[in-house]
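Here the structure is laid out as structure tokens; the discussion comes afterwards.
Chain nomenclature is as follows: A, B and C, assigned in order of appearance, with residue numbering initiated at 1 for each chain independently.
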Amino acid sequence: MHREDKVKKIKKTSEFKTFLRRLRKNKPAMFGIIIFFTLVVLAILSPVISPYGYEQIDMTSKLQGPSAAHLFGTDQLGRDLLSRILYGGRYSLSLGILSIGLALLISIFLGSFSGFFGGWVDSLIMRILDVIQSIPSILIAIIMSAVLGSGFVMTIIALAIPCVSGYARVLRAQFLQISQVEYVEAATSLSCSKFKIMMKHILPNAWAPLIVSATMGVATTVLNASALSFIGLGIQSPTPEWGAMLSASRDYMRDYPYMVIIPGIFIMITVLGLNMFGDGVRDALDPKLKD
Amino acid sequence: MSENNIFLKVRDLAVEYTSDGKVIHAVNGVSFSIDRGKTLALVGETGAGKTTIAKSILGILPDRAARIRKGQIYLDGTDLLKASENEMLKIRGRKISMVFQDPMTALNPIMKVGSQIAETIRIHDAVSKKEAKKKAADMLNLVGIPRNRYNNYPHEFSGGMKQRVIIAMALACRPELLLADEPTTALDVTIQAQVIKMIKDLRDQFNMALILITHDLGVVADIADDVAVVYAGEIVEYGSKEDIYLHPKHPYTKALFNAIPNLETDVDRLENIKGLPPDPAQLPEGCCFSPRCTYALEACTRAKSALATVENRHCCSCSRWKEIDGGNGHE
Amino acid sequence: MGKYIFKRILMFIPVVLAVGILIFTIMYFVPGDPAKVVAGAEASEEQLQAVREQLGLNQPYIVRLGNFLSDTFLHFDFGESYITGVKISDELMRRLPRTLTLGVTTWLLTVLLGVPLGVAAGVNQNKFGDRFCMFVALFGVSMPPFWLGLMLVLLFSLKLGWLPSSGIGGPQYYILPCIAGSFGGMASNARQARSAMLEVIRSDYIVTARAKGVSRRKVIYKHALPNALFPILSTASVGLAHVCGGSVVIETVFGIPGIGLYLLTAVNSRDYPIIQACVIILAVVFAVIMLIVDILYAFIDPKIKSKYIGTKAARRKADA
């Protein structure tokens, strides 16, 4: 068994290496991830690189179109849009990443719990997930943020909940599939801690389907987060979240269209980068689809 | 035997795939021929290029990924590789049919099995829908499936039954050549014998030529007239069944036979031959088998040697077969 | 087949009930006192008590849940708005047709344009048309629909003045909302349909069909496409969920007084009965259409078909 484990490990790592090699060769995917990381770095560095403070009001230069002094122009209070966009990236991006992270944590717990105990625990969890899945995801996010109120942490939770059922399902399916092979053997021979089996065998095996749905999940969540802020829930103006900025600029759209165009473009670029990367990951995992 | 009698003649066929930016040399200069009513077995490990040979004959290689680099395939004197797609449509299923390896996935899951057989008939024979249906039911009957299962879907059949359906479909238009690609590999052992017997009986009944692709040497002994041993996309030894079974010359063929008695469990793995078949993306420069061959000399790794006649039609591509044979005697 | 449909409808009931229970329970645990919403922030303790009495808010959870479910599902009564006192079911009936018109049109657009484009792209893989479609589709799935809506308004209403920017009226009021709402779904349907086609085209049975002498065209439309419809159909139904949920956003952008906008106003004013009612209505509409999709599935999936038609009928047919 020891030897077998080793063989499997070698197979796993080489599988992972081919995956990485294919992914590196995929130009759109690399381009996508570079876009995304650039935006992340810009957001992290925003206090350093922003030309103005994101809350710095300057009524003398309000509603100015893009210029050398204000690359993206200024808003109705004379705040520099470039600075607000850079700073807003912190909210928009972290909402996407943290919500999916939270959703993954919850679903790792639920999925393995469910697949692991089986029986009525499994049925109960799965039925509840069924019901959650039968409500459109953004509706759940809306209800959750209505219930939890606005604010950063609450919005993360509101966005994470609707993602849980999908991931939990993937994990549970993986668990059931693998437990049929390994579980019997391991449990009888070692009566080794079930939890250990779970962490050692199930999770590493589930990474492939999860990584695809997680990347795409971050993309969808960035979109949902901005939609939530746009309709006045989630993160709210004057916080410079991109969706909230759009919502606040609507009234000025007719005469100052750059105020709505620019935040939208940033949302789109972020999601585009993630989707390109996600596509690449999927192709790298299943290269046959490409040719 | 005169040239005219040769029904199918494959000459110097070479096929390559492009995948992931790498060129994979699947078939490298393969030649063989087969007469009407005769059976040729292509024997070799998985991945040796046998299926690619069959698919090239039928012209159903994947368009984008595969490319026939060179060679000719003559059927009754016409080169199939030069035939137009429309001409090929008339040949596929009519003159040449194919039975596939995995019956579980080879049938369209959302079409009734009967309709799938009738479809072939309707394409090639000018018959009414009703007649095609009746003929299809007859074909089912012929392979031992009750007529009333015409309207069943593939998932309602077992693996062996599905393979029968596929055979019925392949034979529906009385083809002159049947390509059977590992028709029994995916089946239970007990079912394997039945299916092989059926293919054999139907071959005799229809006087078809049969190219059987397999790695099961037992089946070959049962059914074949000629045998071609395929390794890394090349025929390394070719001859009548007796030649190959009684006087194998190539070290690979010998190793194949040596592999059988020692293996009690898994015949098709051939684990006794040390090493792995070469990566078809990076074939060795010399003899492809040289890295695994116990008799390999330095010269073997540098240059290939062509098939050389051993006796009559029996030929072998090993440059040292005489020495080796002298040293070891017959198996 | 009737048996299957019956069974599916039977399964539909508990799901809808469960949605009701879930929503009610979530709303029950919302921090804050509904009585305060109704009576106003200045109300005295007696007034609040009176309101609680009147609305039955002081009854235990299980009793309130029972009342809620029976009112909702047996009497189609969602109560009155806490704020305006208007009967919610009347308001819903007024608004539902608008949301349905918008939603159904949007969804049909996503399916009827997205799926054929994706199938065509898959068949012509790596050709110019395929690459172009997929490039556009990538933008489609990455674009926030509300932003697209604003851009359309900017161009077609504010700059060109061709179409109204908000409100309801004739069909022209629905054009921009439908485009804005359907572009993303169309793109995602096209992407999924393409990969479903590619997946199916490399199946063994496609090789079998080619080996039989079936022409290329027929291989694609008779063998590949019907099999690719399964994953396409399930993506299309997921798209429906997006449309249902997206109605809130699109109605906000275009000021369409439908269910979505009703829900949003209620969320902002903490008008709980309206929130419950809207979510349940949207979830039920969604569930009904999912039910229809499931039944459609049965018509193309022989595994379900043969299970419920039974072999007897099949045998009779074969003998005939």
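One rule holds for everything that comes next: a contact is a pair of C-beta atoms (placed from the backbone, for glycine too) under 8 Å apart; a residue touches a chain by one contact, two chains touch by 3 or more.
Protein identities per chain, from UniProt: A, C = ABC transporter permease; B = ABC transporter ATP-binding protein.
Fair warning: this is a prediction, and the values are worked out from it, not measured in the lab.
Relative to subunit C, the most remote chain by averaged C-alpha coordinates is B. By the count of C-beta pairs in contact, the leading chain pair is A-C. With centres taken as mean Cα positions, subunit C sits 51 Å from subunit B. Subunit A and subunit B have Cα centroids lying 50 Å from one another.
Averaged C-alpha coordinates give centres for subunit A and subunit C that are 23 Å from one another. Multi-chain contact residues of subunit B (touching two or more other chains) are listed as 64.
Within subunit C, the positions touching two or more other chains are listed as 202. The touching residues of subunit C, counted against subunit B in their complex, run 125-126, 202-205, 207-216, 223, 226-227, 300-303, 305-306, 311, 314-315, 317-319.
Those residues of subunit B lying in contact with subunit C across their complex are 55, 58, 60, 62, 64, 85, 89-94, 97-98, 100, 102, 105-112, 114, 119-120, 123-124, 137, 147-153, 155-156, 166, 169-170. Those residues of subunit C whose C-beta lies close enough to touch subunit A in the complex are 15, 18-19, 22-23, 26-27, 29-30, 138-139, 141-147, 150-151, 153-154, 158, 195, 198-199, 202, 241-242, 244-246, 248-249, 252, 263-264, 267-268, 270, 275, 279, 282-283, 286-287, 290.
Those residues of subunit A that touch subunit C in the complex are listed here as 127, 130-132, 134-139, 142-147, 219, 223, 226-227, 230-233, 243, 246, 250, 253-254, 257, 260-261, 264, 267-268, 271-272, 275-276, 279, 288-289.
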